[in-house]
Amino acid sequence: MDSTQSKQSVSDDLMILNMGPQHPSTHGVIRFIITGDGEVMQRAVPHVGYLHRGIEKLAEGMPYPSFVPFTDRVDYLAAMFANHGYALAVERLLGLEVPRRAEYLRVIVSELNRIASHLIGVGAMAMDIGAFTPFLHGIREREKLNDIIEELCGARLTYNYVRVGGVAFDIPAGLDRKILSFLDTFEPLMEEFNRLITVNEILVKRCANVAIIDAETAKSYGLVGPNLRGSGVDWDLRRDLPYSAYPEFDFKVCVGRGVRGTLGDAYDRFVVRVEEMMESVKILRQALAGIPEGDIMAKVPRKLKPPKGEAYAAVESARGELGYHVISDGKDKPYRVKIRAGSFTATSIIEHASKGLMIADLVVLIASLDVIAPEIDR
Amino acid sequence: MGSVASYVENIKNAAVTIFEGMAVTLSWMFRRPITIQYPDRTPEPVKSMLPGRFRGILEVHIPACTACSACARACPIDVILVETKKHPSGKGRLLTRFDIDISKCMYCGLCTEACPTGCLHHTPVFEASARDIRNLVLHFVDKPVVPYKHKKGTPVPEMPPSGSIVEQLLKPWDAEYVQWTPGEIEVPTEGEAGGAGGKGSSAPREKEGKG
Amino acid sequence: MTFEETVARLQEKFGDAVEGADERDAGRPGLLLGVYVRPEAVVDVCRYLHDTPELAFEQLSCITGTDFQDHIQLAYVMMSYAHREVMAVKVKLDRDEPSVHTVEGIWATANWHEREVYDLLGVYFEGHSDLRRLLMPDDWVGHPLRKDYKEEPDYHGIPTTRDKALGKY
Amino acid sequence: MGDFFEYLKSEWSFASAHPELAFAILVIGYGILMIGFFAAFAGPVTWIERRVAGRMQCRIGPNRVGPQGFLQWLADGMKNFLKEDLIPNDADRILFRLAVYPVFAGVFLTFVVLPFGPWIVGADLDVGIVYLLAVTALVVTGIIMSGWASNSKWALLGGIRSAAQMVSYEVAAGMALLTAIIPGGSLSLQGIIEHQGGWPWQWLVFFSPATFVAFFVYFVASLAEGNRTPFDLPEAESELVSGYNTEYSGMRFLFFAFAEWGNLYVIGAVITAVFLGGWRIPGVDLATQTNNLWLQLLGAAIFIAKASILVSVTIWLRWTLPRLRVDQLMMMCWKYFVPIGIGLVVFSLVWQLVAAAVPTWVTGAVSVLLTLAGAALVAGMFWRAWYNIRSGKDTPVYKWLI
């Protein structure tokens, strides 16, 4: 064996590491095939589909209103958005006007849900970096939110609350005061959370300048929501393609600024989520103050038969644009429902963004994109 | 010089933020934990802590059921089975079977919204474990009954406390599975007793054939 | 730029390759409007929509593949950050041998979207860098989102259906 | 131990008649006592850690097995005893089984030199500190063995990380110890303790600014050596599943955990001995304490108490901080701790010369000032904790056992 050959065989000797589908930090069941030289990866190729339940196919076999509970299962951490997006798409197909009170309630539950989802997002990211406590502090606050939402709609996770034409239940007496008092304690507790983890030098060092996704790449890969804003693209469907009652509220769109490193690094995505929670608090206060009286449900026939047509409705979910492309053929069942989920594109960028990272950084990258497996696979 | 400054800055930042973080965790040593010690160490039973809209296991109050099957149609995943047959007297119908497969139910509540009388509703009961999954098919109709007919202006039959029916139907977790057979038909209404008994006895077999 | 203007520009630029466009429905202002394009022109049209500054459809939201029984329709739903617009480019493909050129070169995200369409509808994307099944296992038979898809009774000995408990137990 | 044996010989006729036999009994007895102590410490510490972690995370922690869940560690131990000792198919079976022992022995052997009192010590080696550093290196061997023998890539990565980490941080730890040894004037742990006094300002940590900093450097470095968060990279759960012990189960896994928690005590004990005055009782001079058995036991209690406080600090740190990345860990060692350590050693040497030249009240004043600084640190921590409670609109609850 000559020397060049042996040299080559040594340098080509990369380790293939299989991460997942069962792994502590793959957030559900995703699998990554890591090609790496020791700790430094050359790339990590995501393999998805472990949670593919064929929700899109299921939709074709049931009446329009019956599909709402299935959308809960698209994104179990932020099911309100999934309900909302679908309801919006069908309403557009029908040309339906939703009562204002229902729109306000939709905003309220969406923002509550956004806080709950972001708490898990940032908490899980901290946990993947090794700090377990912030995760449970996040869970603590989310538990209070779950209680509020449970009181509103009877379920903690799979809400089935936002329906075609409105919402399922009106806000029970006293709950608005409960939400306000929650918000009052939530703000200082978030500041405490920031002292605990957000500014922590170890977390900053782990996230800053890690897994940088620049704005061009982010757009090209179709990143949405906090991930896109973390890369410095000022785009929020709530403001830019307004739906529901959002135009009536005053809020800031949080965009990454490269706070402690480069624009578009994992820390920016973390910070955008933390800041967005505070913006949600602002929206919630306005919505609760200005909620109009009236119906919570438009007049919807029992059997929905939208005329032929296609509608695409996207809501700004906790994981970004959650779009429903519903095609109607004039019958009472949707002809085709396509769900465009934020996690899907976020996962697709991992192969590109993971080049040259270390294994520990891959965990940070996955967590910072806040992907959630059922949304990828649907 | 800049690098020296950043070197010192790094150490300072690390020390200060770790100190602050430790103060937060320390403070929680003196604060009330949020845990609810389900099931035995709660101030009151968890069932009574649940909000009124809680969507627990479904329950049907048969005396108020019109056997309209609206719930079964509304259910996206077919967990409800309502079977009726002709009344032996030839007039009206008999509700012979009302089954809910709570192992498959996803607690979406669409059926309860479809129910015209409110006899089908969610309860605060949420504890139902079974060694044999077949025990989780609840049979709400023991014996064929005449469905309720709502007359305008009359109140719907009074419901028992939410959850009481379901709690009777739930078997202990380790109960053996016993094949369920619908009960014998009762003499439905006065006056037609003679003819109904004979025909009714053949009813269970008919239904088994269907299943 | 309104949708109609966009269509007019596309027709001017690509001529016959643009087959038509959806009509606005006054009663339903929220509908998705799409422009129908010949399959061979998809890449050019998309590149034009993406690159022209007045249009700047920089985000490909999704590729919706639909089996219309006589043809397969792909709808490229896209968004413009700069102009806050949503529109779709639609192609009708032959159902027996659906094939279209990939738009991966324009939006990197098309890679996965096209893989999903390939997986669930069996559309072949020419020039795709990594056309494998995405959601279904590699050895799965058939394309589930086709309307005439019949599920195999089992997959490697695992039954794909469960017997119904209702009425039986 | 030697002094105690002399004392025994004078008091007890059996010992003077059969000195070899009596010495053997004494040594074996002490060994059994230490193993017992080790077990009795490592076990409950797991319970304490879980309860503390629970409270820090706004939950309660295990409180069902026994009073307040105290017997949880026994239940866990029992469970692990009853579990099957799995060995992966393609593992190196011999190495896989062997790997536990160096880890356990490496931690346990340190108990030979850990002093609990003037007489209560296994062996007062003249090179006690060198022995400590040498013996803890055994742990690395065991961890690498387990990582390699498991034939799993996750375990292997964990093992390699651990090797790099522990070897590097030994340098930093050695430097920090050296800083304290210079004023301590001895390599024997007993010698260092005897040099210090019972009051805080007589402790080595407050002796000079150098030792004050060295205390923190050594604390962090020994955390890194003991694979504790924020340096638990070898078993980083979110990255390496469970690192080097991924493939272990049952008793063998338990021994890794056992060694880890035992090691916590060792960290605390070494710091107590070197920096925090060891078993010295405030206000009691060395001779009185040596000649009174009860005072010796009180000293041992003080020693264990100090070590336990340090153990709780490590637990506290673990449930606060995220984990470093492997290259940052190395950078921290070689760019921060080692240079600082070298600087401290030099500073400490200079301080010795200065201290010899200036009047004693100057050095005494420095010690008092440093003590005040340490007290201010602790007070500041409690003040910040209080602030957190108030700003979170909470009222403090002093009920710890829920």
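We just call them A, B, C and D in the order they show up, numbering each chain from 1.
We adopt the following convention: a contact is a pair of C-beta atoms (placed from the backbone, for glycine too) under 8 Å apart; a residue touches a chain by one contact, two chains touch by 3 or more.
Keep in mind that what you see is a predicted model, and the values were worked out from it rather than measured.
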Would you say A-B or A-C is joined by more C-beta pairs in contact?
A-C
Which chain has its C-alpha centre closest to the mean of all protein C-alpha atoms shown?
A
Let me check something: if the centre of a chain is the mean of its CA atoms, which chain is farthest from chain B?
D
Give, as an integer number of Å, the spacing between the C-alpha centres of chain C and chain A.
23
Can you compute the centre-to-centre distance for chain A and chain B, using the mean CA position of each chain? Integer Å is fine.
30
Expressed in whole Å, how far the mean CA point of chain A lies from that of chain D is 44
So the centre of each chain is just the mean of its C-alpha atoms; given that, what is the distance between chain B and chain C in Å?
41
So chain B residues touching two or more other chains come to 10, 18, 20-21, 23-25, 34
Residues of chain A that contact two or more other chains, please.
133, 140, 192, 195-197, 200, 202
For chain D, jot down the residues that touch at least 2 other chains.
56-59, 319-321, 388, 392
Chain pairs that touch, as defined at the top of this document
A-B, A-C, A-D, B-C, B-D
Where on chain D is chain B touching in the complex?
52, 54-60, 316-317, 319-321, 336, 380-382, 384-389, 392, 394, 396-398, 400, 402
With touch defined as at the start, can you tell me which chain B residues reach chain D in the complex?
10-11, 18-35, 37
For a test of understanding, state which residues of chain A touch chain D in their complex under the given definition.
15, 17, 23-25, 38-39, 126-133, 136-137, 140, 184-185, 188-189, 191-192, 195-197, 200, 202-203, 205-206, 358-361, 363
Okay, in this complex, where on chain C does chain A touch?
22, 25, 27-32, 34, 58-62, 64-67, 75, 77, 79, 81, 84, 86, 88, 107-109, 111-112, 120, 133-137, 144-145, 147
Given the complex with chain C, which residues does chain B contribute to the contact?
78-81, 83, 97, 99, 101, 103-104, 133-134, 137, 177, 179-180, 210-211
